[in-house]
Each structure stands twice: as structure tokens, then as C-alpha cells.
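Consider the two complexes below, in which chain A is the common component and chain B and chain C are the respective partners.
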Partner chain A sequence: MAITSIKNLKEFSTTNERFEGAHLLCPGCAHSMIVRELLNCTDDNLVLATNTGCLEVSTAVYPYTSWDTSWIHIGFENAASAVTGAEAMYKARKRKGTLKDPDAPVKFVAFGGDGSTFDIGFQWISGAVERGHDFTYICLDNENYANTGGQRSSATPIGAHTSTAQAGRVSYGKKQKKKDIVGIFAAHGAPYVAQLSPNKWKIMAKGFQKALETEGPCFINTVSACTTEWKFDPKDTIHVTDLATDSLMFPIYEIINGTKLNILYRPKNIIPVEEYLAAQGRYKHLFKPENRHVIEQIQKEIDEKWEYLQRREEASV
Partner chain B sequence: MKGVLATEKRGIRELGAEEMVGWDEVTQGVVLHSFDTEVENVAHIRPEERPYSDFNSYTATVASWRVIKPVYNRDVCIDCQNCWVWCPDTSIISRDKQMLGIDYDHCKGCGVCVEVCPTNPKSLLMFAEAEDNEEALAKWPEKKKKEK
Partner chain C sequence: MADKMELNEVEVWDGNYAASQALRQAQVDVVAAYPITPSTPIVENYGAYVANGYVDGEYVMAESEHGAMSACVGAAAAGGRVATATSSQGFMLMLEVLYQASGMRLPIVLTVVNRAVASPLNVRGDHGDMYAGRDSGWVQIDAFNAQEAYDLTLCAFKIGEDLDVRLPVMVHQDGFVTSHTAQNVYPLSDEEAYAFVGDYKPVDEMLDFSRPVTYGAQTEEDWHYEHKAKQHKALMESYKVIDKVFEEFEKKTGRKYNRLEQYMMEDAEVAIVALGTTVETAIYAAEQLRKDEGIKAGVVAPRSFRPFPYNEIREALANVKSVAVLDRSCPMGAMGALYNEICGAMASTPANPLVTNYIYGLGGRDFAVEDAKNIFREQKANADAGYITTELQQFSGLRGPKLAFYEAKRS
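Up next, the complex of A and B:
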């Protein structure tokens, strides 16, 4: 597989971009940072599909497309089905000898937001992974339905204010926990499952490359800070993402073949989750005295999860 | 424009060269070609050498979104490419490991590039959109003191 060199950022920057500007994502959106990196970390041909969501509506605004690769959009839930259908056809045509260039490497990738991944497209991704197609699914996790006005999804963490789980006199925002999507896809026995983050560009690029190279279904959850719904200044996207990974709100790790867990990033100084929460308007209300207990609960759950991840890594099973 | 239109009656036909259809006519779906001619592997062609079609958003601009803009100062830049890797709008032009400047057709003025620029003073700073770039560059030393 021809792979773009990512020894350092200078090498990496010599790649020829295949994701074009003048898409309509918000200024400072992390979605496009993640997508650019996926497209830049390989020079193989790509067949992409995208679920409905911010990424889809912003990169295919008729009569424009921002994609220099093959790209399919069908519905909210079925990017995984579309791209695995294309993959099945590709394999069949290869077998029948009807491909123009059978030796050209092709990779199949589906993108979806957390709404279409954790909720609406969940069973379709599960099915595609179970069928064992050779594809990579990338979730751009901004923890809400940002495209339609910031409704809560099952990826929204406890305590966050959303338009359908509002913080106010009677509530502190969303009361339910976030689904462990990485664990769920690891439990499918997928050969490569990971959680990655764009502030750690090298770890993310390597993870993407690993997923593309691995035969079989791979699932990656990426942290995608949302300036509009998380409510922070667009210039701070990388800063907020740094706080997310360094507070371990988003630990960076991979799980191979459903069992072997490797932690890919250990913050030198683990920061209290308060700092991460304080940087975003959607958690503002948690700093009122009556809601402080939610911050404590979030911190406790982060500590427990980190302990769990470390033990699983140690056990190496 | 070069494209394929699939209409309500599931008929599929090629769009005429200058033909533009409204969104309501595209009920079943539409295929847009990113390029005017067939390209082998885009990843091996530099953007400036690509046959972009009018459907490609590369040919569009979002410059009107900006109220502030990043200005680039070549003198301080160390070509680290931080700005390149994190620009969400493919608007940092880097070629042969060098940062060449900002693509003002596609930059939305988010300011991420300024935040991640590690030099002191920064090699990228935000200015009002209306500000002249030369005048902005002339002001750089004062910014330098402020940065410290």
C-alpha cells in the first residue's frame, strides 16, 4: 500500500489535498480537520460515503461538492451500508475481471456524526461490521445533533446542556450517560477499533493508516469539538480538544481484535475535568453550587474509566 | 457544467454543457463530477494542475464569511506546518514543505492557525478584514512586544 509519509509534519504537508475548501462547515469546525487528515494520510483511491449530518450537508451543497474522491450520500443512517455495498461490488468485479485497473489500491471509508453512529445508523453499522466487509467507519463525535439545532444524542455526556436536554431551574442538562461506542464495536470482534483525536495529529494519522491497512471492518471514534454547540470561540478548537484529551474525558486508545487494548496517549499532566468543562458554554450551569455534584460525578467516572483502561492494557488480553 | 441528472421518472441523462437545474428537479439524486476530465489518481496531482469542474467547491468562495483575517509574516515562520495540519478549510497553502500563504478564497477567519502557530512573535496574526496586508505587516513589531 502506498502510504503518505508521516514521519513529521513537514513530510505530511507535502500531500496533495483531496478535500476542498468552501465547504460550509462552521469556522473552526473539527470535522474538517479530521476528514482532511484521513484523506491526507493515504494516496490510495478512496470510495467514501457519509451519513446525513453536518459533514454531509456542508460538503455537498448543490451544485457543489467538496470531495475530490468518489463520495456517496444516501440517507441519515446508511453510509456503512452504501460503502460496504460498493466494497462488495468491487470485490465481485475484481473476481470477474471487469475492473479497468484491478491492481489500483482502493479503500472504503464511511463517515458519520455521533447522531447517525450512536443512534440512527447504529444497527446498519453493526450489520456492516458483522458481515466483515473490508472498510473503515469513522465517527465524528461532537456529542449532539449539531446540524439540526443541537439536540441531545446518546453520545451527549451527562450534565451537558442541549436544546432537548436543557439546563435550568429543574434540570442540570442531560441526565443520562454517554454510550461506550468504542467498547460496543470492540465487542463485535472488529480487528481494529480506536478512539482518536485531531489535536494528537500523529497518533490520529497512524491510527487511520492502521485502519485502512487492516483487512476487515474497522471502527474509529474521533473527538470533534463543536464550536457552535459546545459554545467556545472558533479559534480555540485545538485548545478545547487538548483539554478533552488531557483531562481524559476522551482517552486515546485502540483495541485489537476485540480484546487487546493499547493506550496511545498518556497525558504528562492529567488536568482536572473542571478545566475542560469550564472552557465550554454548554457546561456553564454545572458551576452553580447546586450542580457541583455533577462535576464530581463526571470526574469520578473519568478516574474509574482510566483505571479500567490501564488495567486492561496491563492484562494484555 | 458536466454532470448526470437522475430525474423523477428515474431517467438518467447527461447535463448539457451550460445547463443548470434547480434543486427541486433533482428528486432522485444527482451525480456531480469534481473534475472536467477523467483523472487517474487525484492524490498524485497538485491542486494547481487539476481540471476542477464548476461543481467543485474549490471554484467557490467563502471569503464573505470573514470579519477578521489571518495575515502571514514569512520573516518569522519556521515552516513547522502546524497551521497546515489544523486549518479546517484547506486554506494554508503548503508546497514542498514550505508554508506559502493563505488561500483567502476559502479561509473563514476562524483563527485556529494563529492559535497553533508556535513562533514568537507569531507568524500569523488576525487583523480586521478591511486592513491592508502590507500595513498589517508593518505593525508586526508592536505585536511582538504584546505577545511576550
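Up next, the complex of A and C:
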């Protein structure tokens, strides 16, 4: 695979630009950072598929497209099926000798938000991973159905306010815990699974390259801070993301072949989750005295998860 | 390179086997499928061809019919020949993606083994699934027996992939009565069949990176209408290519297909319009009635359900006095869909036949020759009276008290 060197951001600016800046994503949306980084970290040909969601509606409104590579959107749930169908066609045509450029390497990547990954499209990804296609699925996890105005998803953390899990006089917001999507796809036995974040862009690029190089189905959950629904200033996207990774709300790690877990980022100073929560309007209500217990619960669960990840890493199983 | 299969001049195949052989001979690049009764054997037979070296393409066993059709869409957009099979609930689960496949103008071939739609759950044949697809933007071709299931599946690739059509095509056959009934089938050799279907011609393929393509864009009120209208135009005008392909097939095999099949219609006074295996039952009934009771009965059968053959219907029924339109799907609160199409065609002509609607055969309820004869006899009574002597819609073969709706206005 042709790997683009990623020593510094300046080098990135000279790489293959296949995702055009002219798109309709919100200013400050992390989706475009993540997508651009994926596209820039390889020179191989790319076939991309995208589930319905913010990324899709913002990048392919006829007669315009932001994609300067092959791209397909079918519906809310089936980008993984679409891209693995294309991958099957690639294999068949390569065998039969009907490809225009049979020697050029091709990578197959699907994007989906947390709605289409954790919820409505879950089955389709599970099927594609089990079938063992050579592709990478990247979830742009902004923890809500942002494209439709901020409804809860099963990625929405406990205590967050969304329009369908509202904080109110007798409610502290979402009552259920976030689904462990990384663990779920590791349990599929996928050769490479990771959780990555655009504030740690070198780690993220390396993880993307690892996934693209790995033969077989790879799954990556990426943290995509949502200025609109998390309610923070668009200029603070990376700041909020820093708080997410340094509070360990989003630990950065990978799991190889379903078992071997490596922590990829250890914050020098782990910050209390309260700082992360306080930076976003969606958690504002948790700072009322009657909801403080939820912050304590979130902190406790973060600590337990971090302990779990470290012990998994140490045990190397 | 896939092995060739030596076939006899006459094979004993059921409809499922016939369809799967056609998929093999067309050298499909990707079959992505999910099994469901009664079309499961199509997928199983194809799997046996894969396992024994008769297939060069990919065989993707999806986790659901929705996933299967989604993979078909991705595969087709990547520029190759794609096919799958389904029935009933699987068809309903695919339905969302059927619209997306046709909207992207991807010539996928779907062999549909028609089966009733739950609830109540039922695995037997009726046309509930077929009717659910009628606005989905696919060409819908109907086979009445195993030979036709084979022939028309080969034709389907050639129709859908034609550069003037570029639309997905369904080939329907009746669950069990066709799909599981072994009959004599005259196949083409592998070489002849592939020569007829021809090489796939990629259009806007995702694997040509010199010319990137975006599939599945969004259009709102400024463009959506134009896109849909253009797609409708392509489907409406696809009859020209269907006729051309049927002509080519006749030259090759001597077997002649028409978008509207007509039997004994030259002098027919009464007629049945139907789809599927019922057509052969109605033909047999008509022959006997002509011989035994002197009723000039004929049968009309849309081979092409979409695009619907309006002009041919107008001509075929112009001199008929009374027409029974048989729908093997419960219309739920309306007349049957086929009845509405026939009335729509005839309402714009000077000919004014009496047209009534029969619902029959739901969930695989047998439709016997005597049932067809009774329907012909009622048409004869209408023809003699000069008005409709029954209700507009009747249920044929239903147990319990007679079920019928809308009294016709008598002259």
C-alpha cells in the first residue's frame, strides 16, 4: 500500500485531496477532519460508502459532490453491505480480468454515524464483518442522531440531554449506558478494531493505515465532537475532544484479532470528567445538586473501564 | 476459468433449478443472497455450482435480504453483472433497497418466486410480493412455468443491461407450482446461453478511478421530480428493448415471447386476464369450454407486468364482450391491481367490454380448471345479458358464505 508520510500537518496539506472543502457540514464539525485524514493517509484507490447521516447529506447534494473518488450512498443502514458488495465485485472482476486497471491497489471503506452504526445499521455491519470482506468500517461517533436534530442513540452517554431523552424537571437526560461498540466488533474476531480520536491525529492516522493494511474486516470508532448538539463553540472542537480523551471518557486503544488490547494514548494528566462535561451544554443540567450523582456515576464507570483496559493490556490476552 | 456444464437437450428441472441454471450460464459476477422459502433452492443450487467449480464470480451470503440487495447495489455500481433471488417476506425486507437500486439505474436481476405475504404466515404461492414491487421502478417479467423461468431469466440480463434501459429486472414465477414442480425444460448450451446474454458493459463504474462517480446523491424539490420522471420514461420505453430481446431469443430458440400473451383471442367473446400458472389453467379451461359448451373463451396474460402493455391490452380486448380480471393478491379495500390496470387501458378506447374482478388463490389455495370454467361461464352470462350479472368483485374458491363487493349498475 502506498502510505503517505505523516510527520507533520504541513505534509498532509500536500497529499492527495479527494475530499473537497466545499461541503455543507457545520463549521467546527469533526466529521470532515476524520474523513480527510482517512483519505489523506493513503494513495491507493478508494471505494467509499456512506450511510445516511450528516456526512452523506452534506457532501452529495445533486448536482454537486465533495467526493473526488468513488462513493456510494444507499440508505441508512447499508453502507457496509454496499462497500462489501463492491469489494466482492472487485474480486470477481480481478479474477475474470475485466478491470480497467487490474494492478492498482484498491481500498474499501464505509462511513457511518453512531445512529447507523450502533442502532439502525448494526446488523449490516455485523454481517459484513462476519463474512470477512477486506474493508474498513469507520464510525463517526457524535453520540446522537445529529442529522435529524439531536435525538438519542445507543451511543448517547448516560446523563446527556437529547430531544428524545430530555433533561427536565424530573429527568436527568438519557438513563441508559452507551453500548460498547468496540468490544462488540472485537468479539466478532475482526483482525483490527480501535477507538481513535482526531485530536490525536498521528495516532489516528496510524490506526487508519493499520486498518487499511490489514487484510479482512476492520472496525474503528472515532470520536466526532458535535458543536451543534453537544453545544459548544465551533472553535472549540479540538479543545472539547482533548477533554474527551484526557478525561478518558474516550480512551484510545486498539484490539488485535479480537484479543490483544493495546492502549494507544495515556494522558499525562488525567482530568476529572466534570471538566469535559462542563464544556458542553448537553450536560449543563447535571451540575444541579439533584443530578450530581450522575456525574459521580459517570466518573466511576470511566475509572472502572480504564482499570479494565489496563488490565487487559497487561494480561496481553 | 469456470468449468462448463454438459446439459441434455431436454432436462427435467423445476422452476428454481431452471432459474439457477440461467444465473450460472449468464456468468454473473456477484450473487449476493439470503435464502427464503420457496426460492431457497435457487441460492442453494447456485452454491453447489460455486462449490464445484462452475462459477468464477463471487457468492456473498448476506445476513438478510435487505443486506443481500444492498450488497447487490454496491456490486452493480462497481460495474459487473449481479443477480439474486427472493420471495415474500424477504421481498418485503428488500423493498426499501429495490427503490434505491432502480433509482441508481443498476441492472440487477432478481428472480422472485412469488409467495403470500404475512400475516398470517404462509409459505405458499400468491402474488402479494409481486404486487408490492409494482411501483419500485423495476421491469417485472412473469414466467408461467419452468421453461419460461429459464428463458426469461436469460432475457432479463439482456433487457436490464441494455444501454437504452439500464434498469433492474425481476423475473417472477409462482411459488411451488412452478418453483418446485419438475417439468421438461429445453436449455441452451453454456456457450449459446452466454453468447445470447453477452458480456456485461460497465457504465459509470466505481472501479474506474480515472473517472470518479458519486452514487446515491440527494435531490430535493429542485431535482427529485426530474430524476423520477426520467426513470419512469426509461421504464415506459423499455418495451422496445423487451420486444427486441424477445425477437432475438425466438431466432435462437424458436420460443416466442410477447409482452402480452394471447391465447384463442382471435374470435373470443369472453376472456380471462391473469398472471402466473393460472394462465395455463385458464387456457385448458377455455379449450374445454370451446369444445364442450361452445363458449368462445380466450386468455390474455401480461408477460410484462411492468412496463404494463396498455396498447396491446386495448387491441386484445377490443372485440371481447365480457372480461374477468383475476388478481392473486388481496387488494385490501380496493379492486385488484390488475383489474385497475385493465380498466385503465380499456376506459380510453371506444370498446367498452364488461370487466369484473376475481380475487382467488390466496396463500396457495388451489385454482382448479373448474374454477376457471365457472368464471368463463359467468362472463358468458354477462355477454348474453349485455350487462354485468354479478357483483364487480368476487372471491373465487373462498370457503364460507359468498364474498363479493359492489353491485354493477344494470342497463
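As a working rule, the second predicted complex is superposed on the first by the 317 of 317 C-alpha atoms of A that agree within 3 Å, B and C clash if a C-alpha of one lies under 4 Å from a C-alpha of the other, contacts with A are read in each partner's own complex, and residues count from 1 in each chain.
One rule holds in what follows: a contact is a pair of C-beta atoms (placed from the backbone, for glycine too) under 8 Å apart; a residue touches a chain by one contact, two chains touch by 3 or more.
Note that the structure is a prediction, hence the values are computed from the model and not measured.
Just to be sure I read the superposition right, which of the two partners does A:W124 touch: chain B = first, chain C = second, or both, or neither?
second
Considering only the touch criterion stated at the top, classify A:Q151 as touching first (chain B), second (chain C), both, or neither.
neither
Touching A:T214, do we find chain B (first), chain C (second), both, or neither?
Neither chain B nor chain C is touched by A:T214.
Touching A:N262 in the superposition: chain B (first), chain C (second), both, neither?
neither
On the A-aligned overlay, A:Q310 touches which partner chain: chain B = first, chain C = second, or both, or neither?
Touch partners of A:Q310: none, neither chain B nor chain C.
Touch test for A:P63: chain B only (first), chain C only (second), both, or neither?
Touch partners of A:P63: chain B and chain C.
Give one of first, second, both or neither to describe whether A:A82 is in contact with chain B, with chain C, with both, or with none.
second
Quick one: is A:V47 in contact with chain B, with chain C, with both, or with neither? Answer first, second, both or neither.
Second partner only, chain C.
For A:P198, decide between first (touching chain B), second (touching chain C), both and neither.
first
Going by the contact definition given at the top, which residues of chain A touch chain B in one complex and chain C in the other?
18, 45, 60-63, 65, 67-69, 104
For chain A, which residues count as touching chain B in their complex?
My answer: residues 9-25, 27-33, 36-37, 42-45, 59-69, 104, 198, 201, 227, 233-239.
Considering the complex alone, what residue numbers of chain B touch chain A?
Within the complex, chain B contacts chain A at residues 1, 3, 20, 23, 26, 30, 32, 34-35, 41-47, 50, 54-62, 65, 79-82, 84-91, 94-97, 103, 105-112, 114-116, 126.
Okay, in this complex, where on chain A does chain C touch?
18, 45, 47, 49, 56-57, 60-63, 65, 67-75, 77-78, 81-86, 88-93, 95-96, 98-101, 104, 106, 123-124, 126-128, 130-131
Would you tell me which residues of chain C are touching chain A in their complex?
29-30, 32, 56-58, 60-64, 66-68, 70-80, 82, 96-97, 100, 200, 202, 206-210, 212-220, 223, 227
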